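Shared chain: subunit A. Partners: subunit B in the first complex, subunit C in the second.
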Partner chain A sequence: MRILNQVLAVTRLNILNLPKRIATSMVAIVGVAAVVLVFAAVLSMAKGFERTMTRAGATDTAIVIRSGSTSELASGLGNDQVLIVETAPGVLRDGGEAVVSAELYVLVDIRKKSNDSAANVPFRGVGSRAFDVRDSTALIEGRMFEPGKNELIVGRAAQSEFKGLELGAAIKFGRTEWNVVGVFAADGGVAESEIWTDVRVLQGAYRRGNSFQTVRVRLRDTGAIAGLKEALRNDPRLDVDVFSERQFYSTQAEGTSTFIRVLGYPVTILMAIGAVFGALNSMYSSVSARGKEIATLRALGFGPLPVLISTIFESTLLALAGGLLGGAIAFLAFNGLTVSTLSNASFSQVVFDFAVTGDLLLQGLVTALIIGLIGGLLPAIRAARLPVAQALREL
Partner chain B sequence: MSEALAELRGVSRVYQKGKERVDVLHELDLDIPGGDFLAIMGPSGSGKTTLLNLLGGLDRPTNGTVTVGGAELSSMSNNQLSNWRATHVGFVFQFYNLLPVLTAQKNVELPLLLTNFNARERAERAAIALDIVGLSDRARHLPRELSGGQEQRVAIARAIVSDPTLLLCDEPTGDLDRGTADEILGLLQILNREHGKTIVMVTHDAQAAEFATRTLHVDKGQLESRAAA
Partner chain C sequence: MKYFGLIWHNVWRKKIRTSLTILSVLVAFLLFALLNAVGQAMSTGGATTGAARLVVVDKVTIINFLPRSYQNKIAQVPGVAAVSHQSWFGGFYQDSRNQFPQFPVVPDEYLALYPEFVLPDEQLQAWKRNRTGAIIGRDLAELYELKIGDRIPIQSTIFTNKDGGRTWEFDIEGIFDTTDPKGGTAVLLFHYDYFAESNTFGDGFVGWYTLRLADGADPVEVANAIDEQFANSPNETRTSTEAAFAASFAKQFGNIALIVRMILGAVFFTLLLVAGNTMSQSVRERIAELAVLKTVGFRDGTVLGIVLTESILIMAIGGVLGLGLGWLAAQAIGSAMAMFVPGGIVISADIILLAIAVMIAAGLLSGVFPAVKAMRLSIVDALARG
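This part shows the complex of A and B:
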């Protein structure tokens, strides 16, 4: 109890004295804020990218792709193979018809609104069941394209990120002109970065004959994927891999988000080391400015431990303030900020939002606390070991 | 006067300043009886404050022993010394050393945080101490709102609030005008005579020393005794 009283009293004094040391305290606060800001900003990119990629991923939808293909672009399936998939066990049927969408995937060049640079945008030919094999995907403006016509619908994110995709606009890819007739949303998922048209029209426009790249299959239930995999693997006419949609997209997200993390953590660590020095400087100044006070308290009988703890507490408090400041700025400035990047796996642009999530902010605050603890420790030891008689004489 | 409250036996204190060895106190013996009001005088650098710091457990002798109230300070750890100071000794400094962010009342309460008194008891005891030094009406004032004499009274209230047997005063009137200094010295006399406090006061001021019951002169680390005027 006495120790606690002492710690509280000395800490209270430190805090009451803070306004007198506002400049050096701000050095520590701003330093830590910068670390947390950069940490949260960089990693919120990875989080946002992952979230966009995996949000699209349902567990009761399967993607059938040519065996060994690492992306849709590298895959290829014939019409006969698509028919085999449609009749496979585990596929959901609606009025006797399989709920599947055989799809073709090409990349088109469209300029970004932000900097007018050319970007690879996924242009997907889909079947009539395209909306049925995807969760939370729906037209939000205009109408569906008509089969057989050069009409397309655009994802909401693609429309906001790329030029010339306004509803009613005509846009030319190669020699073909397309009319934008609708806009669809996919709950912020990766599909929103795409443009869709009738797969048969796309096959013709890009001279792909009767070939597809993937078949997206709605399963009877989540557990049905095992049966589907088994059936397709054992069919000698097929050489395909089957993934749940979630598994497929999280594998696709891995490369890019790992790259961002590999960039983010070392930058954070380097900046954190800098911030530790900022905190050290600030706390040494604090101990020096409070020398007379500390010596007086020690003369009155306050022990070295409360002085030590209260100094570390002050440093941690400053770091926490910095962490909250940095986290708040990161959240206000970056959370929900829409950008696009090239996905390593699909070679196409994925439009995503920075996601400054609660666990990122928590990690940022923990980083701040560690900086505060390390930055406060040495000055605290100096404060606790202050030679009282000498300090009283010098002051 | 009762038997010795504090005993110094063969006390030497040597400081090392770079390569130079400074003998501040040299084989000094001193008995301070309980209830004494001792003034210690001497030129600057003679070792007066060092002697005071040794008595208060703020410094340790290089050789010899310091015993106060039966406790041998030189054998105590830093933590033990802190605890001992909290209950056995009160300090009064030349520049008061009040904490500027705390009111007079809270400054006086500080040493009581080292006891088991609760907040109400601490406030009551601080109020009594402020009453003894005649500053009850200034309890809520910050140090910067007080005169030098009033600040020193608050410092004295802080020194006596946990009822220590020994008060150690380092030039308590060194920063005050004559009239205020005499008031402070009168207060110390009252604490000595009426409250039974043993007081050791370091001073340059011969007039201040006259308030004590006896005066010792320190010169070149040695003691020389003279009767008080």
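This part shows the complex of A and C:
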């Protein structure tokens, strides 16, 4: 109990005269803040990208793609194969008609609003059931394209990120002119980065004959995917892979988010090491500035342990303050910031928001705490071992 | 220089503090070197970027093919010295994570366009004799420990061969190096003839054309002439220099340079605070000493110079150590990052020059306030206080 009282007393004294050492303390705080800021900012990109990619993923929708294709772009399916998929077991039927959408996926160059450089924007030809095979996708403005016409509807994110996609605008790809007649939302999912038109019109415009790349299938229920896989794999006329939508998109997200992590974690670790040096520096100066005070306390009968604990407490407090500051700046400056990047897997643009999530902030604070503990330990030991007589003589 | 002993002594007055400051500086320059190197590698796409080459791609999107017949028409455009084509094969080796570029090419035409690629003649001849032969770059050979004579399966995500499979086997007949220090060689090249015969889409198309300009030809004029020739055809083209093509591709990843700059900004802001704090503490502790220096006749300018040199010295020691470590780290992580940054991570001369400039600037900035304070010191006050 006596020790505890001593600890409280010394710590209180220590905190009370912190303002005297404000310059040095600020260095430690800002150092830690910078680490947490960079950590949260970089990792929130990976988080946001994953969130956009996986939000689209339902488990009761399947994607049928030519086997071995790692992206829709590389796939190819004939009309006959699409018909086989439509009649396969496990496919949801609505009034006798299969709820599927056979789709064609091409890329068009559109300029980004942010840097005016050309970007690979996904241009998808969809069937009339496109909205039925996708959850939470809906038109929010304008109307649906008319089959057979050069009309297109644009995803909300694509519209805000790329030039010339305003409702009512005409846009030219190659020699074909298209009219933007509607805008759709997909609850922040990856489909919002795309533009859609009637698959038959797209086949014509890009001379793809009667071929498709993927078939999206609404399943009777989540469990039906096993039966569908089995049936399609055993059909000698087909050479396809079947994925649940969720599985497909989370595989697609891997490459890019791994890249951001590969970049982000080492940078954070290096910066954290740098911040430990900064914190050590601050705490050593704090200890030397408090030399007289510590010696006086020791002479009055305070033990070395309270001195040690109070020094570690001080550095942890400074680091936590830095962590909170860095986290707050990261949240205010980056959370919800919209950017777009080229997805490694699909070779096309994905528009997403930075997501500074609670667990990222928590990880940042833990990092700050560790920096504070390490940065405080050695100076604290020095403070506890300060030779009392000598320190008092220096007065 | 004659004060160097004095300055050196002052730097190490508080060993722990100086060492810690130098270590923070070291970390900052380690990050500086690596982030800039990664940024540079990303913005060139690891590609060789000869200024005298142009790339002709489909105007709508680079994934569209161009007709094979364009080659002769491009060759006839005034200012074009040589032209050849490449196509994206989209393959991987063993695991879909092991992606690297493979191009079906016409050997002599292709190598004539890329004189920086060095391939021993007997290997070139062996390659030309073997229809399913391929050559690979040194980077790739080292990455997957491949050697001449190996037969490697490449699985294409795009092209099916006549057997109905997507696994294409190639015999490695040669390994080439590059004389371009910034250029990567993580590439596999194989015969276009074999590709055209064996894939199920048939021949008659290529991915894009690369051409070399004749001496003195204006790249803009040549590019316009080519694009005009194919205007209003089913395959309109867009011609740009190889460097601009690579840069436009890199831009698609979003503003990586901006993110790198932001991180570096945060790092250096912190660094300046740490170093500036060290310097001002050190000056504060030495007020009496500086006053003595002035008393014995040191001029104001000399005192200013001494303090500034001290802070630049701290930056320089940490900076050089950091760059050295960065160089070592680049060697080590280059191969781990090969999947993302094919050319490897190179700490180029411009990064080093820039780093030196930053060291001096940061040294001046962090030292200037304490130094001015030291210079303006009034001897009487300082001695009285000390």
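FYI, the second predicted complex is superposed on the first by the 395 of 395 C-alpha atoms of A that agree within 3 Å, B and C clash if a C-alpha of one lies under 4 Å from a C-alpha of the other, contacts with A are read in each partner's own complex, and residues count from 1 in each chain.
By our rule, a contact is a pair of C-beta atoms (placed from the backbone, for glycine too) under 8 Å apart; a residue touches a chain by one contact, two chains touch by 3 or more.
All of these numbers come straight from a predicted model, not from anything done at the bench.
Visitor: Looking at the overlay, what does A:Val30 touch: subunit B (first), subunit C (second), both, or neither?
Guide: A:Val30: touches subunit C, not subunit B.
Visitor: After the superposition on A, what does A:Leu16 contact: first (subunit B), second (subunit C), both or neither?
Guide: In the superposition, A:Leu16 contacts subunit B only.
Visitor: Applying the touch criterion given at the start, work out whether A:Thr54 contacts subunit B, subunit C, both or neither, answering first, second, both or neither.
Guide: It touches nothing on subunit B or subunit C.
Visitor: Let me test your reading of the model: by the given contact rule, A:Thr367 touches which partner, first (subunit B), second (subunit C), both or neither?
Guide: neither
Visitor: Based on the superposed arrangement, let me know which partner A:Leu297 touches: subunit B (first), subunit C (second), both, or neither?
Guide: Touch partner of A:Leu297: subunit B, not subunit C.
Visitor: Examine A:Ser193 and indicate which partner it touches, taking first as subunit B and second as subunit C; both and neither are also allowed.
Guide: Neither partner.
Visitor: After lining up the shared chain so the two structures overlap, which partner does A:Ser244 touch, if you call subunit B first and subunit C second: first, second, both or neither?
Guide: neither
Visitor: As a test of reading the superposition: which chain, subunit B or subunit C, is in touch with more residues of subunit A?
Guide: With both complexes superposed on chain A, more residues of subunit A are touched by C.
Visitor: Which residues of subunit A touch subunit C in the complex?
Guide: Residue positions touching the partner: 23-24, 26-27, 30-31, 34, 37-38, 41-42, 45, 68-71, 73-74, 106-109, 114-115, 117-120, 173-175, 207, 239, 259, 262-263, 267, 270-271, 273-275, 277-278, 280-282, 284-285, 339-342, 347, 349.
Visitor: Which residues of subunit C touch subunit A in the complex?
Guide: 16-17, 20-21, 23-24, 27-28, 30-31, 35, 38, 59-63, 90, 96, 155, 157-158, 164, 166, 232, 234, 236, 248, 251-255, 259, 262-263, 266-267, 269-271, 273-274, 277-278, 280-281, 337, 340
Visitor: Where on subunit B does subunit A make contact in their complex?
Guide: Counting only subunit B, the residues touching subunit A are 49-50, 53, 56, 58-59, 78-79, 82-87, 91, 93, 97, 99, 101-102, 110-111, 113-116, 158.
Visitor: Which positions of subunit A touch subunit B when the two form their complex?
Guide: 1-2, 5-6, 9, 13, 16-17, 292-293, 296-305, 388-389, 392-393
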